[in-house]
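Please find the structures below.
The same subunit A turns up in both complexes below, where it pairs with subunit B and then with subunit C.
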Partner chain A sequence: MATVFVNNQPVDIGNEKLNCVQAAEKAGVLIPHYCYHPALSVVASCRMCLVEVGEKKADGTISMLPKVVPGCQTPVKDGTVIVTRSDKARDAQERTLESLLLNHPLDCPVCDKAGECSLQDYSFEFGKAESRMHDEKKTPPNKPDLGPNINLFTDRCIMCSRCVRFTREISGTSELYITNRGDHSEIAVFPGDPLDNKLSTNVVDLCPVGALASKDFLYKQRVWNLKTVDSVCPGCSTGCSIHIDGNKGVIHRLRPRTNPKAQGHFMCDEGRLGFHYANSAERLREPTIRGPHGWTTVGHREAVQSVQQGFNEHSLRSITGVWAVLSPFMTIEEAYLLANWIRDFGREARLVLGPVPIVGEDDHYPKDCRGEASPGVPKFTIRAEKCPNRKGVEAILQHFTGTVLGFDSFLTALAKGQVKAAILSGGYIPLGRGHWFPAESVPLLEKINMLVVQEIFASALSQKAHVVFPSATWAEKEGTYINHQGLAQEIHWNSGPPGESRTDGQVYLDLLGRTGLMRAHQLRREIAQVVPALNQLSTGYLGTQGVLPGEAPPVQSQKRKIPVH
Partner chain B sequence: MAYEPVLLGRANKADSTSLEGYRRDGGYETLGRILKEMTCDQVTEAVKSSGLRGRGGAGFPTGLKWTFLPKGHPGPIYLCVNVDESEPCTFNNRVLVEKDPHQVLEGIALSAYAVKASTAYFYIRYEYGAGMRIMQKAIDEAYAAGILGKNILGSNYSLDVFIHRGAGAYICGEETGLIESLEGKRAWPRIKPPFPAIEGAFRKPTIVNNPETLANVVHILQKGSDWFKSIGVPPDPKNPRDPGSYGPKLYCISGHVNSPGVVELPLGVTVRQLITDHGGGVWKGKKAKGCIPGGNSMGVMTEAEFDTPLDFNGPGRVGCLGLGTGAVTVFDEDTSIVDVLHNLCRFFQHESCGQCTPCREGTGWMFKIIDRFAKGQGRGEDLAVLEEIADKIGIMPGTTICGLADGAGWPVKNAIRKFRPEFEKYIQDGSSKRSKPLPMAAH
Partner chain C sequence: MAINTNEVTWVEPPQLGILDQLYLPAIAGGMATAFKHLLETVTGTGPEPTQQYPEEKPKLPPHYRGLHRLNRDEEGRVKCVACYMCSTACPAHCIDIVAAPSPWKDREKYPETFVIDELRCIYCGMCEQACPVDAIELTSIFDLTGLSREQMIFNKEKLLGVFDETVRKGTDPIRTHTGKLGPASEPAEGGLTESSSAQS
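Now for the complex of A and B:
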């Protein structure tokens, strides 16, 4: 076991290979850094992480290196002594910050990054209050068209080169490079080759200052007004851990959340920018019932009663005519509740999995110079399966029906007129407007006597329904998603569903006649007891990183840690 | 007794660049003999015992550097010849390459044999077009004569030499910057460790040497270590870490002298001797104000310090960074030290590679201050700020990756500390006393 001393405080680092920045982080000490990022190669060029390093000998004496060293480049071993706040280290850190601010415009009031900017934070904690420069700052022109999603404020850049290394090492597309030398250096793209790869917006998160800005988020919000929750991207079965940043019921951006068990540090642009439908004014807001005189808006309770009544009638007539389609966008809890409700009518009631959207093939990164995936273990993968929870819904179906019936069986039964009462849970994105249901089968829905549709938007499908429940998006509910490798992760709501709509889980609870509100952690415990295949949910909590099958789940809810990168 | 040039012994001959001429003067005989008689390790040992130190600037013992290569490495091992001679006022290697390319080539072959390298890269700066063509001709001749290529001179040893032309950046002279440039990347010096001897060009062990150093190897192996040690300055007995400054050195003299040029002298000649005996004295009958002793990055020397011997330790004793490339640039008594510093700072802010923050921003800031200074808007506090920046950037305080920043800071602190009254007077007078317009800023 190796022990490292960080500011006189011993830290056991086990057998891990760490550098000074990582070792200090273990001790709860922040060594400020810009160019260092755990997912990228070490260049040790920003010189922000300068610390004093020494070695504690067996006889207890300490010999320190005569000069400051960059913490990111210096590996630690047993007996390494790191001093982060000595006069020498402080002086070096102060000086680096002063240098970085020489040509920085200090336009924080109009900068998107203000509030989450490392340059602000470190200047406050490690820097000087005033500048000694009396000369003009450089004002290189901005590059608003660095890429379709990215804007470069050239003058704010501190040349940490994280973005350049990202395009070389993670996306492999190498659009970015540094042009010019010395303090004329600028981030640039070659003419005609903009930064437009599928992972491009990650450079905005990587940028420690406000130089790279997402066009989607630019000038929308001050970050300190945003409410941040941990969630999971529903865009594909990779299940990237994300932060949802919203304010007053509006989602403003998604950011990747570092999770080595899920995707690592990044997320794709498709997932990141694919949330806007949730803010749409066209969303369904109230439950509606189709009567002989057309559609009527009804209260939630009335809609639930109507559905219960309809299904009761039909289940008595023909239990095999009762169907439920479980979309792979549902949470495990919702699937469990819906399956429970349907199965209460009888064992012959049918449960099927909704269509699983597959688009193209899995897209692995980094790319090589020909745009094909490089050999070796991919550093990031955008999966072809464009839904977050097929595995979770399948586990529920497997438990309740012993098999997983595909959507085809529903369509076949529909064509034969065997479906009498059905509940279709939607929530598909980005096919949110009912496109997931094959258009040629829509007329056949006329034959169903009691059709309940849960959708986010009105569609041809919801037009055929007898009862429509407005659905909540993934950002408005809590629950569990299981990704492609079986990792169960918690999702949390950032804002409530719009208007009178309620989460699907709440609708099922009401249908089941169970009292109270939808509480994901209580349901998880229940599911783990009922469904042995899902015993990774047994404590009701999955922590910030999620739980893989066979892993012991945490016993308590984990507080969100603010990342330092 | 006048010193008889060795390295430049053939430089003024009519056919100094041809293989025929070189062979007539006994060229490549040493190579043939060594390949037959000595093993690689014996050659390394001979160079080590001669006390030869690198002529590129840092003065690291050459033989010792070669022993850092991993033992028993399956190869390939590379030898890089650093002819990116971009230190201003330095042109000793240019003369060597343009006047006697086969001597350099023999040095390359011998050194490559010593370090078991099968490939040598001759990295020459873009501006040396003539040198590049002369060298290429020499390489072609050597290949045709069986001196390069497979089984050199009938031995088992094979060596390929390739010329790589730089694109014109000061930082390519830094050995890891050179390696990056050779690999086709931006010349950003690498973080060390690993040192190039362990992992250099194309991730293989690599030795980077200066052509003057390699040319010396020829004569060491020809005439023996004892001959080499008879030239120059023995180690300082008071300094146990001093390996001595042995051997001949090509000194460049430029600036305000009557006859600038390259001269070969034993290490340890004083600046005054160089200027008066070999540079023809200061021009226009004026007196010297000072000089830059070894390329821009080595600092500034005053006239009073001209009796300092130019060996590896001498300039350090008067506060300069070191011998550097041995390129003395003299400025006369009428030169404004502000102009000198302005020019130096302009050079470094233009040539800083921009990788490390302290150097990138520090060199730019120093130039901005001195530029304002030169325009007559200097302030008393500026001198303190300049000194402080100069003191705190560089590999010595640990704030940068390579030594460029040390070199950028050294002339600033030397000039301010040695010529402070002049700076203070300049602040009072403003630019009204300026005789010449300022040179154009680089950008």
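Now for the complex of A and C:
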């Protein structure tokens, strides 16, 4: 057991190998830092984390080092004394900030980072109000073509080199470098080799100031207008923890949320930039029913009643003709409710897993110079399985049917004309790879007497349906996703589903005839009791980091903690 | 919530004396005022008579808070940099801005649309105070009317038109010529500020 004293406050750091910044964070003390990032190597170049460090001897005397040292580069041990707010340390921090601001344009009003900028925050907390700079500031030209997704505002850069280290250490693609010396330093790319890799937009989050900006979010919103909720990226089975930032029902950006259990600190560009379909004006907005005279828009209750009626009729005629396809984009709660509803008709009603989209192979980072994954433990992986919750839906299917039937069995039965009533659950996100339902099987759907489809967008599939429910995207519902390693994480809604649509879970609740609104934490408790394989949901809460199988879940809902880096 | 009777203080009306009960001194006082005003009106020595609005327009102080305008810079472009400070400061949420990368080389961001709902506005002047580039100002135009709600929703062109009109008429001259970002980095006029020169 080792004790570190941060501003006279003893902190037990156990056997962890920490530096001063991390040890102070344990004590709840912020040591300001720009270049230090827990996922990157330490360079101690920004000098913002200068603190006084000393040692408490066994006889109780304290000997301090004569000068301030960078906290990110100084490891702590038993008896280390860290002083962050002494005159000396404060002076050093203030002067560092002043020198960082020498050439900073202070164009906060037009800078997208304003509001979440470390330079603003630290200037307010540690800096001084005035500049003593008399000379004209340097205004190097911007580099709008740093990469297809990245814009560099060169004059705002404070040369922390986080982005450069990211491309060298995490993505391994090494596009970025620092050119020139001293205050002529600039972040640059080689001609003809732009910052274009599948993780490139992470440098925008890493940038502590507004130098690197995402072209996708450029000038869209001021960050203080955004509502942030914690969620999980549905792009692949890695299940990256994310923040959804939206305003007035529109999602404006996704950001990775640090979660060592899931993906670490980063997320891929495909997931980050692949949310725009959720804001599309072409989404289905109302439940519709196909009658003898074409499509009519109906109310939610009417649609639910017609589905209940249709399924009741067909289940009495032939129970084996009742099918439900559970998509791997459903939350566990939705899968559970749908399975419950279908199983209420009888044990022979069929439940199958929808097609699991697999694209290529798992993509591991860092890459080496030839673009192949480096040996060793990957620091980031984009998985080939492009759906968030195959494991969760499989666990539900396993419980209800004892086995997991693939989508092929549905297609076979469809070809044989054995499917009489079917519900195809939606939530499949359009990924530009064609529709999930095989086009050659679409004409066969004519044989189904009662086809219910839940889709985000109208498609050839929804044209064949008898009842279409507009599906909510993952950003509009709450629930649970289980990623490739069994980590169960909560997702939360940022805005409501568009128009008259309701979340899929709410549709199933209404189909089941259960009253009330869909409450994910209550359903999780119920699921954990019914499905023993999912007892990690037993308390109804999964915390901010999620719960692995066999782990004890948190007892209460946890408030979001704002990270310091 | 019920009122706590312990917190209630009862106040009795003051007792009237004999003179007060007669009411005659009060009547005399009132008549004196009336006759004084009559005399002043007849002789023309009194205060200014009622302003003959609308034939006669009032002279308003320069800080009067009326209709907004969007200022133009020296090159006639909109001065606004679309920082959303005004819409953030606005207590009535009547300003709606859509920002976009600017078409000009010396500026990065400009308002693609800038709409103020003048019906919703409470004319508090917070937008003017919040603006870092002195782009939005309240003019002395107070008699704003419209035949529909749509007419009272002012877009960027209309607000720039208000600037052109008020400058042409001279009712609200251009007040400042700042329009560049980063005033915090520029030394105040006359070199260093007072506090820093006092230290040195």
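Simple rule for what comes next: the second predicted complex is superposed on the first by the 561 of 565 C-alpha atoms of A that agree within 3 Å, B and C clash if a C-alpha of one lies under 4 Å from a C-alpha of the other, contacts with A are read in each partner's own complex, and residues count from 1 in each chain.
Please note the rule applied: a residue touches a chain if its C-beta (ideal position, glycine included) is under 8 Å from a C-beta of that chain, and two chains touch if they have at least 3 such contacts.
This one's a predicted model, so the numbers in the text were calculated from it and none came from an experiment.
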Please work out whether A:L18 is in contact with subunit B alone, subunit C alone, both, or neither, and reply first, second, both or neither. neither
Quick one: classify A:H134 as touching subunit B (first), subunit C (second), both or neither. both
Quick one: classify A:H184 as touching subunit B (first), subunit C (second), both or neither. first
Is A:R95 contacted by the first partner subunit B, the second partner subunit C, both or neither? first
If you stack the two complexes on chain A, which partner ends up touching A:L106: first (subunit B), second (subunit C), both, or neither? second
Kindly classify A:C46 by the partners it touches after superposition: subunit B alone (first), subunit C alone (second), both, or neither? first
With both structures placed on chain A, which of the two partners, subunit B or subunit C, ends up touching more residues of subunit A? B
Which partner chains sit in contact with A:V6 here, subunit B, subunit C, both or neither? Use first/second/both/neither. neither
Touching A:I482 in the superposition: subunit B (first), subunit C (second), both, neither? neither
Could you tell me which stretches of subunit A are touched by subunit B in one complex and by subunit C in the other? 132-134
Going by the contact rule set out above, which residues of subunit B touch subunit A in the complex? 169, 171, 186, 188, 191, 349-358, 360-365, 368-369, 371-372, 379, 381-382, 385, 392, 396-401, 443
Provide the residue numbers of subunit C that touch subunit A in the complex, in ascending order. 81-85, 88, 99-101, 108-109, 132-133, 181-182, 184-185, 187, 193, 195-196
Can you name the residues of subunit A that touch subunit B in the complex? 42-48, 50, 67-70, 73, 91-92, 95-96, 99-100, 102-103, 132-136, 138, 158-159, 177-178, 180-185
In the complex of these two chains, what residues of subunit A are touching subunit C? 101, 104-107, 109-110, 130-134, 137, 142, 153, 218-220, 222, 224-225
